[in-house]
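Each structure below is given as structure tokens.
In the two complexes that follow, subunit A is the common piece, with subunit B as its partner first and subunit C second.
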Partner chain A sequence: MYPLKVLLSALLLSLPVMVLAAPSGDEIIEKVNAREDGLHVQRNFTVELTDRNGRTRTEKTLSYRRYFGDEKRTIIFYTEPTNVRGTGFLTFDYVDRGEDDDQWLYLPALRKIRRIPSSDRGDYFLGTDFTYEEIKKEQKVEPEDYHFVAQGTEQVDGRELLVVEGTPSDEAIAKELGVSKVVWRVDPEIWMSRKTDYYDRNGNHARTITLEGVDTIAGFITTTALHVLNHKTQHSTRITFHDTDYESAVPESLFTQARLRRGL
Partner chain B sequence: MKDGNRSLQAFEVLLRWRWLVLVLTFALIGLTASSLPKLVKDTSADAFIGKDQPALVYKNRIEKTFGLTDPVVVAVIDRDENGIYDPDNLALVQRLTQAIEGLPQIDPERVTSIATENHIAGNAEGIVVEGFLDENTDFFTAPLGSQERAQQIRAALEDFPLYQGLLVSRDGSTTLIVAELLNDDLATKAYHAIEALVAAESLSGGTEVHVAGEGAVMGYLSSYIDRDASRLNPLAALIITVVLFVGFMSIRAAILPNLIVAGTVLGSFGLMAASSTPFYVITNGLVVNLIGIAVADSIHVLSNYYTQLRTAPELTKQQAIVRAMSAMWRPISLTSITTMAGFMALSLSSVMPPVESFGRFGALGVLLAWVYSMTLLPVLLSLWPTRRVPRPFANDEQGHPRIGIPERMMDRLGAAVLAAPRPVVLAGGLLFLVGVGGALQVQVEEERIANFKSTEKIHQADKAINASMDGIYSLDVLIETPEPGGLYDPEVLRRIESLQRHIETLPAVGGTTSIVDYVKQLHRAVSDGNRSAYTIPDDPQLIAQLFFLYGASADPTDFEEEVDYDFQHTLLRAQVSEGRYSINKQLVPVLERYVAEHFNDENATATVTGRVSVSYYWFQGVDKSTLLSIALSFGAVVLAAIILFRSTALGLLAAVPVGLAILLVYAVMGFAGIPLDIGTSMFAAIAIGLSIDFAIHSLDRIQEIARTHGLTARALQALYPDTGRALLFNFIAVAGGFGVLVTSEVPPLIKFGTLVAVAVSTAFLASLTLLPALVLLLKPQALTKTTIEENSHVPTESIA
Partner chain C sequence: MRRKKFTLLRWWLALGVAALPVGQAVAEEVAPRGFIKGRHATGIDGSEGQLSELLAELEFSGSLSPAASFKVIGRARYDALDYLEPGELEDQGDYRSGWNRRMSVSDNADVELREAYLDLYAGEWFFRLGKQQVVWGQADGLRVLDQVNPLSYREFILGDFDERRIPLWMVNAERPVGDVTVQLLWVLDQTYDELPTEGVFAFTASQFRPQLPDDVTSVTLTAVERPDGAFSDSNAGVRVTGFSGGWDWSLNALYAYRSSPVIYRERHGQGGYTLEPTYSRSTLVGGSASNAFGSWTLRTEMGLQSKLPVLVNDPADTDGIVETPEVRGVVGLDYQVDADTLLSGQLFVSTLVDAVADARRDRTTETASFLLRREFMNDTVQVEGLLLHSIDRGDGLAQLSAKYRFSDAINLRAGIDFFYGDEEGLYGQFDKLDRVSVSVEYGF
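== the complex of A and B ==
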């Protein structure tokens, strides 16, 4: 924990939002990215997948995340469904964008760790409708990826939100992320987008991510429920976070292949 | 009072109130036609199956569960050494795939090709799930666009049993892009859009691109038949009008029957719309049919009317019309009732909604034609400004009836027949035997692609793809387990594997795919890529985790086609390279027996379904019901004739020309190798309806002659110049109308036209040769017996 940072962010939040001079797109995104998310966190998350016929599948996990400097390491253990209980993923996200992330998988029935190839940032995360990039950035946006333009404000559910439109900075990024345009609607109270629309490379409305629940836990503004609908497949995913804990110790030794093998 | 006088009076009343009748009939036409704009088309193949048929119910359920619709298939073929594995061809596949994904009729998530599918491989470190044509991959080291990469892709695919024969051909010459439609109704548009995309590509040497697939065939066939029929139906009407004009040399005779035809056709299709019955592909045939029937009624009325005018020049227009109607109402009513009986029997005996509706609206059309011929036609004739006797019916300078070429022809025919009835009957008997011989050779077969000429692109595409791939037609087995996760049971998976091996031994089956193939490929991938691990694991947990692993490595909807969300239901798909019924017959029942024996217990049940199964059941109905349907139609027509003539002997006599006509239709099919298929199975019933008219007109006139002049050869000669002439033009008009269909581009319409023309010709000739000859030999008492009730005929002219 960095008490100073917490204090600062709390201060920042308590300041009245300056609406006299409308902030630019870059300024809004800068504020979004300034949100603190803690050195480490432990939480359970539930993934609810729904197909186009309305059938639902639920997966439950226990996950840990910790920064090692700027490098972020995540370990996820599945607890449900029971036949995949103990299946684990260990991921090292490197800061250097040129370096591929490392990912390992442990299948308990096989008792073996398998390295799985790194994914494109625009690939779907573990069978959900979220992309790796979205999961990894936790409601933040890589500023170098887009040109941001502020588009005024929009009322959503009684809240005045700041609209920012982003277009990929170059063709390679557009291809990697699989988007032609993103529209964020940022709530200046929390500096998170409450509703984000993604357009695929053909310009079709591809997905909508909705922030369904947000809470302040240990001083951190924390997402508790996030929903994404894929408009093309009508497939949707809801992730709900439970028992988010920024305070209990998350030791560095947790993020190893040995620990992955030991399971829950 | 005599019946004949009653009918005279009835028609006098009708003409007295002619303006009212005119208003009423036009009101009826307007009323019945008013719903016409609401007429909806249903040209899908599935429309032929009753909605509650199990095969279709299952197919629809599968479409919903697995999101599968009939695909349009694009094949890229290159027969050189590298086959499709060169940078140009791979780039072409990628371009086409992306372009097809962008089409509004196509489900973008349901396009399958080398460009969309993942390679699943394993090495010592871990597993690799990545696209064959992805730019940066771990597995493929050579850069995309190089020949080396193409070779790596080839090696990977050849080591991937799942895709062999399905995505790429085993010889490397062909690869498919399979695009599923958002909705089957979009098939035609999708086919044309994909054709346009293909046409826009400039192909490098040796590469061919074909577009085919059930989705394409279905959509294309419907529009193909529709387009052709909408060109030919008016042409048929035109030909019939020309025949009328030539036959009668009268504008009246060319125009008035067309009004009756218009009233009949508008009314029938208006009521079809009003009853929310769709216009099916085969309904096209009903149009020509109704034209033929409505015209026949008019021809007989007009012929008699002109004869009345000639015979008694002192008669007023009105009097002549009343006499003609009084003479003709009975045979026209008789033919209408028997034809309706035939159509009703067709309707009642068919399990297929389009055929059922064909019969029902055919009968309705005959009824309308009868109503308008009995009311509107005499009224219009009376309102027509002139009473000129057209040249063919006029007397010559000596005051004798003019003998034109048609009269002379018919007269000679009559003389020949009546002079030698025995040889005529003998010839008829021989023809009957030949007919039986031919009919026995008819094959029962249905192959949708054969509905296209072999020069059609879609026909060639079908053949080319089926030759190199595992097959374009799909036969599915839906496997269901009692609870979620039931498919993790290795025992169930092994049974599915055995089922696959069994299906692969069946004829025309190129290959099969199921989740078992994925389980094995994944098992191998996590076992360092060892081929020995290409097996079903014994541990259900591991199976569950393999699926989980794949799900985690792929897109959220990647597995949708093969297995449902909670691993309770799965689809096994077999690729079949032949779409013929005779092949389907060796697949579906055999597979159903196997499935009943090996599945259907507390752990798993299995149901055979898919396009092949639907086609099988679709046509099985025809296979089984055709004979029954013909027997019923024929029986109904004969029964109606027996009742109407109040004589079994006469009813059976009327059946002779009809029976011979049907038999010869089948003989022509047998000798020419035209199979009994969905279209030809209806021809017999249609032919019965059209053929009976000739027999009844002929027999009715013979009865009339026999009552007044006895049953002698000399007396019967009177049949030929008037009734014979009318039947000749009836025949030429109907045969000409149907004959137009021979110029069609569409094989089923060509067959339809040819076979109905055969039937009508046979019925016409038999009614004027075999029938009088038989009458002369048998001299049935029913013909000469006169009773008060039955003497409904006023002699209309002196018998020569």
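== the complex of A and C ==
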């Protein structure tokens, strides 16, 4: 009996310590969202789109992002390949979820800027396997979209990651995002999810996003490579970021339709 | 005239040289780019080919300093059939200024400086100086405010719009003023629409020709009096653009020569007539607005042309022309069905402000367009159907095309263009020119 008593006592004594040590799902996501990403940034990124037959298309872009208060504006100029060169994309992302984002596309063949509908957050971004929401949030998560539950830890590539499961807050959000469940595996060293699984509204495993590269640039923890595999279509997208620069000036005047039309 | 051209050329060069920072004689970066496109079109009934063309564009662009950059685009074209513009290019002086002409290499080939401009940032000002395209408005294909650059109709309205628009030498200045952007244009280039007088797509409908009375005994067609005063005949425009309450809007004004001549008629003696193709000035004022609502995008555009010359049938009319203001407008609605599918419809209306008795055109004309575009196979295949239908005349053009992105550099395209309706209509006059076309484009 004595050893059992000792064991039970030890367990009871250690329980509050374990509870204090394991953050809740909300706390983990809060830390993910607290990660600083700079007032502005300029970077080049390469998008590799690979279909189920292994055929890959590669697109290269220059992009700039800047916060205007809480509002985030992004402008992207496509430089390669030749058939999309000169295409530009400008978006104003608003914090208020009730307000649709504003988006414009410059089409060099028409030499015109087209207003484009603000996409549903769950729509895929310009032919990639990333959704507009994922591109907009840049590895962060809208806390009001989900109920978060911590699910302990999981070893991924030798790292112990915090597992958080999120279920949509309500049916409308589930429909808008096109998910029934999301599982994040957050690295507490960088407060980014290294592997995220998305399940569609029928509960099927839909996509997996893998953080393939991360670096600290100018003090900011920065994604350098991100891969997503769509399990349904076997289509995948890899985005690699180059020349990320948080320090050079990114003028406010860059985020205008006039600049979108002129190009860089 | 020659002296004037030389002076203008020197002026442009001076602007270019002034933009070069001291000690920086060459561009920091010059990136040659371009494409080569082979295109063949033949009549649907298999009668004969319309064109068999090799088109090459070469573009150099680069940065001269952080505040200055340039772009130069040259184009060479070889058409083995030479049915669109038979023979060497002649009479370009009727519609192109001396410093904006294609250079004829042979009956089948010509070369052209397409664009050449310098971009300068100076404080809040942005200047684009040189030969360029400026596109106004929200409509696709149907022009209300998009009047700054003339168009080539050598292939009617077939072919890429970007390749049909004729760039002009101009000063284009922009600057933000508060929450809006103001654009000022000064167009020093008296170049107008390229309307083929012979060739496959020469206009044949009588609505575009003056009516001659029954007593006509002789007709003399005079040479076109193209305006050629670089300063006195220059065009000017201003556009203010803004974004407020979710709406993109613009206010536009353009004081310019109309881009195609109107043929005035003059009677002299007993049944003798002289026909005088004449370019006339008018002022266009208007505006545009667009917004997105869920998956829908609304595009609108309206313009008032101060003076539109209208051909009349009345044989007693002195010159066969009555001038009246004209209101044009277009409403477009786009529906993004899903990420791969776009549906778009437009309604274009033109109406004469004054009632014109015995006019060759209806007081109000209406044209509708419908577009369906869908992408397949990892966005490598794009299929598109476009219908342009003249509601008042009942004629139109239906186009079906498929584009295959064979690789990042190579595009293949096949298409059918089908004209139908009244032979006196804008589209119906080409009813017998239905065609199939194929093209291969290599970009670099």
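By definition in this document, the second predicted complex is superposed on the first by the 244 of 264 C-alpha atoms of A that agree within 3 Å, B and C clash if a C-alpha of one lies under 4 Å from a C-alpha of the other, contacts with A are read in each partner's own complex, and residues count from 1 in each chain.
The definition used in the following text is that contacts are C-beta pairs under 8 Å (C-beta built on N, C-alpha and C of every residue); 3 or more make two chains touch, one makes a residue touch a chain.
A quick note: this is a predicted structure, and the numbers were derived from the prediction, not measured.
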Using the superposition on subunit A, decide if subunit B and subunit C clash or fit.
clash
Can A:262 be said to touch subunit B (first), subunit C (second), both, or neither?
second
Partner chain in contact with A:80 - subunit B first, subunit C second, else both or neither:
second
Quick check for you: in the superposed arrangement, does A:109 touch first (subunit B), second (subunit C), both or neither?
both
Looking at the overlay, what does A:51 touch: subunit B (first), subunit C (second), both, or neither?
both
Looking at A:253, would you say it contacts subunit B, subunit C, both, or neither? Reply first, second, both or neither.
second
With both complexes superposed on chain A, which partner does A:128 reach: first (subunit B), second (subunit C), both or neither?
first
In the superposed arrangement, which partner chain does A:232 touch: subunit B (first), subunit C (second), both, or neither?
first
Who does A:202 touch here: subunit B (first), subunit C (second), both, or neither?
first
Show me the subunit A residues, by the header's touch rule, that subunit B contacts in one structure and subunit C contacts in the other.
49, 51, 55, 57, 81, 83, 104, 108-110, 112, 114-117, 124, 127, 235
Contacts from subunit C onto subunit A in the complex sit at residues 33, 35, 119, 124, 126, 128, 133, 135, 138, 140, 160-162, 165, 174, 176, 181, 241, 243, 246, 248, 290-297, 299, 334, 336, 339, 377-380, 405, 408-409, 411, 443-444
Residue ranges of subunit B in contact with subunit A within the complex
64-65, 67, 102, 108-109, 125-130, 137-138, 485, 488, 526, 537, 539-542, 544-546, 548-549, 551-557, 560, 564-566
For the complex, which residues does subunit A have touching subunit C?
49, 51, 55, 57-58, 80-83, 85, 100, 102-104, 108-119, 123-124, 127, 235, 253, 256-258, 262
The answer for subunit A against subunit B in the complex is residues 49, 51-53, 55-57, 78, 81, 83-84, 87, 89, 104-105, 107-110, 112, 114-117, 124, 126-129, 202, 230, 232-233, 235, 237
